[in-house]
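The following pair of complexes shares a single chain, subunit A, combined with subunit B in the former and subunit C in the latter.
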Partner chain A sequence: MTKFIVILLSAVFINNYVLSRFLGICPFLGVSKKLDSATGMSLAVIFVMLMATAATWPIQHFLLVPNDLGYLQTIVFILVIAALVQLVEIVLKRYVPSLHKSLGVYLPLITTNCAVLGVTILNITENYTFLESMVNSLGSGLGFFLAMVMFSGVRSKIEGADIPESFKGLPVTLVAASITSLSFLGFGGVVENMFPL
Partner chain B sequence: MNEILIAVIPVVIIGIVCAAVLVVASKLMAVKEDERFPAVRDCLPGANCGACGYAGCDGYAKALCEDPSVPANLCIPGADSVAKQLSEVLGVEVEDVVEQVAVVHCSGDCEHTKDKVIYDGIESCAAAKLMYGGKGSCTYGCLGLGDCAKACPHDAIYIKDGVASVYTCDCIGCGVCAKTCPNHLISLVPDVKRAVVLCSNRDKGALTRKVCSAGCIGCKKCEKVCPSGAIKVENNVAVIDYDKCTDCGACAENCTTKCIRIEDLRGCHHFKES
Partner chain C sequence: MNKLQNFSKGIIKENPVLVLVLGTCPTLATSTSVLNALGMGAAATIVLLCSNIVISALRKVIPDKVRIPCYIVLIAGFVTMVQMLVKAFAPALDKSLGIFLPLIVVNCIILGRAEMFANKNTVIDSAIDAVGMGAGFTLALTLMATIREVFGNGTFLGIEIPGLIDNKISILTMAPGGFFVFGLLIAMVNKFGKHKPKKKEFGCAGCPQAAVCGKPSCSGCDEQKAEVSAK
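Let's look at the complex of A and B:
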């Protein structure tokens, strides 16, 4: 049980995909302007990360590893994730149109998101079991959610600030992003000390 | 060669399986969209003004497809030509659109009324209204900072002598200005009628007189002279019922303060058609 909690918390805070591993920066900078689109995007990411892990972990351990095809991991995972997201979109459109509408364009956008691919591959390299992989994916998704929501707050403050002309737009956003990610360094070592193994 | 095949074949197989699943899924779970929807949507002007009462042109097009009882003549900016196209696509009879134009019910310009304070805050009627109801001495009147002019999608409103005026030949009758005005001075009027009340002051006559020489004092003279009983003085201001108004002009001739006037209200659709 302790191991699951450690995996979850460290995925959310210490190895935060956006702020520590620098994966998924594109939506982090692109979609964090407004709180509601940031939440929509993050929810879609959590959902897709879980689905992708559930699909890719069995493929790795029952198809690729027994046949000595470990080197095909990346391309197969991309293929499977892309197909999966499309399938999920079709199903949602048919059965849960309200959710489909609120996830909107974000669902197909995530198809090639590196954070999703990153989670599935890191689950394999960390040698997690299936359950641990799922917990790790949930934590990573939640970490993405946390980073997006925090940063959309930061950005709404930036909107109203008096910024030098040459810093306006992307430069000040990048500066703010780096300071936000610095603050997450403070979590280093916290979880390990909370739950000594 | 063999190693390449070992790598390629699994990927190809996985790709084919994924493709097959997607094809089956999209066939089985296809969402039926009304095939008329794109055609109906194309007829509408796409201004998303909301004058039809639906959330934008998409909303109106959807309602038209789903519910046959929704009338096809609700698009005021599109006027007769759009109504005609819509009824062709939907196969219903053509109904005439009542074209409308916006009218600002205030004539308190610099000549007729005075400022009570100097306002140098944000250039916005909504902001000015929060400060003691605006700078003018009449709290019902036009604030003159042009929120309506900024909102107008067709640039048909301008501020002249401190009062918003509608340049009617550019007005498409969408009603966006009416929703924007913090004093609710703007209303849509059928564009064939000409008599309009240019005051919204609901104070008693003596009070109105004090703040503006062009205001309606509620003397009810218009009520008496109107041959069709279309004018009523409600809350100390004359209101014209356009269903009854016959456009005779008697009210304007007899108005004590000349706040009922005959105006040329033909909107842009008139000029397009002629």
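Let's look at the complex of A and C:
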């Protein structure tokens, strides 16, 4: 049990996907302007990450590895994710229209989000079991959520600030991201010391 | 547009990293050392060159409706190829690039060039465009890596620099430094760059990630997408 907690907490805080691993930077910079779109995007990411892990882990361990097809990993994973996202969108649209309304916009964009492909590949390279992979995906998704929500708060403050002309727009956002990510450096080592294995 | 302009636009005027702001994830992650940056740049350039050539050669064969999945499969194929080559001939590079090697598949630059350029132009033009864009990507990456390695680690390509080696600002090689240096570089391009890209030229159509990417000219996209999907 401790192991799951360690995986979960380190995925959220220490190896935060956005702020320390640099995965999913595009949505982090693009969609974090407003709190509600940041929340919608991150919920969709958590959802797709879990679905993608649930689909790709069995494919890797029961289909690719036994047949010696490990080198097809990248192609198969990206196709599975793309197909999955389409499928989820269709199902949501048909059966849960209210959820589709809030997440639907973000779903197609997630196909090419490197955080989703990243988490599925990392689960394989870290040799996680199925349950550990699911926990890791959940943690990564939650970490993404945390970073997005925090950062949308930071950005709403920037909007009103008086910034030098050449820093307007993206540069000041990146500098703000740098300071946000600085605060996450402080979590290094905390989880390991909290739960000694 | 002549061939030389076609080549050079990728390096300065439409630099994929500093002007178009595409492919931010690998830029931030692999610019910790110059060697990593060169390796990443070379790998991405090879994939871009191959995919641009093949996609422009097949532009009349691939049906319009399924073009994005087709492109992704082609790109993933080339990425796998490069991945195997790097594993075989440069295992150290494979280790330091890690996850970002397979993630070239979802690099916005490659799909973006396929969609914006290769599916409308001839094979030769697309190849030149790919080399230019790849060179621009590598240059920007190397520039950023040079700043981060020289000041953050006191070395250049692993060679120690006297004076700096004892006074390194190690935070620059860590995650916050990546964001910070990237922010400064873009601010510098904004300040000194004379060629402001026109909004329409790099329209969001070119990039499947447009609505979520950090490109300032795309900031209006999520609203547009919301409207489209609401219909």
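Keep this in mind: the second predicted complex is superposed on the first by the 197 of 197 C-alpha atoms of A that agree within 3 Å, B and C clash if a C-alpha of one lies under 4 Å from a C-alpha of the other, contacts with A are read in each partner's own complex, and residues count from 1 in each chain.
Keep in mind that, in the parts below, a contact is a pair of C-beta atoms (placed from the backbone, for glycine too) under 8 Å apart; a residue touches a chain by one contact, two chains touch by 3 or more.
All of these numbers come straight from a predicted model, not from anything done at the bench.
Visitor: Here subunit A is shared; do subunit B and subunit C fit on it together or clash?
Guide: Aligned on subunit A, subunit B and subunit C fit with no clash.
Visitor: Looking at the overlay, what does A:Cys114 touch: subunit B (first), subunit C (second), both, or neither?
Guide: Second partner only.
Visitor: Which partner does A:Asn67 contact after superposing on A: first (subunit B), second (subunit C), both, neither?
Guide: Touch status of A:Asn67: first partner only.
Visitor: With both structures placed on chain A, which of the two partners, subunit B or subunit C, ends up touching more residues of subunit A?
Guide: Result: the larger residue contact count on subunit A belongs to C.
Visitor: Given the touch rule stated above, what does A:Leu79 touch, subunit B (first), subunit C (second), both, or neither?
Guide: In the superposition, A:Leu79 contacts both subunit B and subunit C.
Visitor: Could you look at A:Leu131 and tell me whether it touches subunit B, subunit C, both or neither (first, second, both, neither)?
Guide: In the superposition, A:Leu131 touches no partner, neither subunit B nor subunit C.
Visitor: Looking at A:Leu29, would you say it contacts subunit B, subunit C, both, or neither? Reply first, second, both or neither.
Guide: Only subunit C is touched by A:Leu29; subunit B is not.
Visitor: Quick one: is A:Ile90 in contact with subunit B, with subunit C, with both, or with neither? Answer first, second, both or neither.
Guide: first
Visitor: Let me test your reading of the model: by the given contact rule, A:Met194 touches which partner, first (subunit B), second (subunit C), both or neither?
Guide: After superposition on chain A, A:Met194 lies in contact with neither partner.
Visitor: Which holds for A:Ala161: it touches subunit B only (first), subunit C only (second), both, or neither?
Guide: In the superposed model, A:Ala161 contacts neither subunit B nor subunit C.
Visitor: For the combined three-chain view, what is the angle at the C-alpha centre of subunit A formed with the C-alpha centres of subunit B and subunit C, to the nearest 10°?
Guide: It works out to roughly 90 degrees.
Visitor: Can you work out, in whole Å, how close the C-alpha atoms of subunit B and subunit C get once everything is superposed?
Guide: 8
Visitor: I'd like to check the shared interface: which positions of subunit A are touched by both subunit B and subunit C across the two complexes?
Guide: 71-72, 75, 79, 82
Visitor: Which of the residues in subunit C come into contact with subunit A in the complex?
Guide: Against subunit A, the touching part of subunit C is residues 21, 24-26, 28-29, 69, 72-73, 76-77, 79-80, 83-84, 98-99, 102-103, 105-108, 111, 171, 174-180, 182-184, 186-188, 190-191, 208-209, 211-216, 218-219, 222, 225-226, 229.
Visitor: Under the touch definition given earlier, write down the residues of subunit A that touch subunit C in their complex.
Guide: Within the complex, subunit A touches subunit C at residues 19-31, 33, 37, 41, 71-75, 78-79, 82, 104-106, 108-109, 111-114, 117-118, 121-122, 125, 164-175, 177-179, 181-182, 184-185.
Visitor: Quick check on the complex: what are the subunit A residues that touch subunit B?
Guide: 63, 67, 69, 71-72, 75-76, 79-80, 82-83, 86-87, 90-91, 93-95, 97
Visitor: In the complex of these two chains, what residues of subunit B are touching subunit A?
Guide: Spelled out, the residues of subunit B in touch with subunit A are 6-7, 10-11, 14-15, 18-19, 21-22, 25-26, 29-31.
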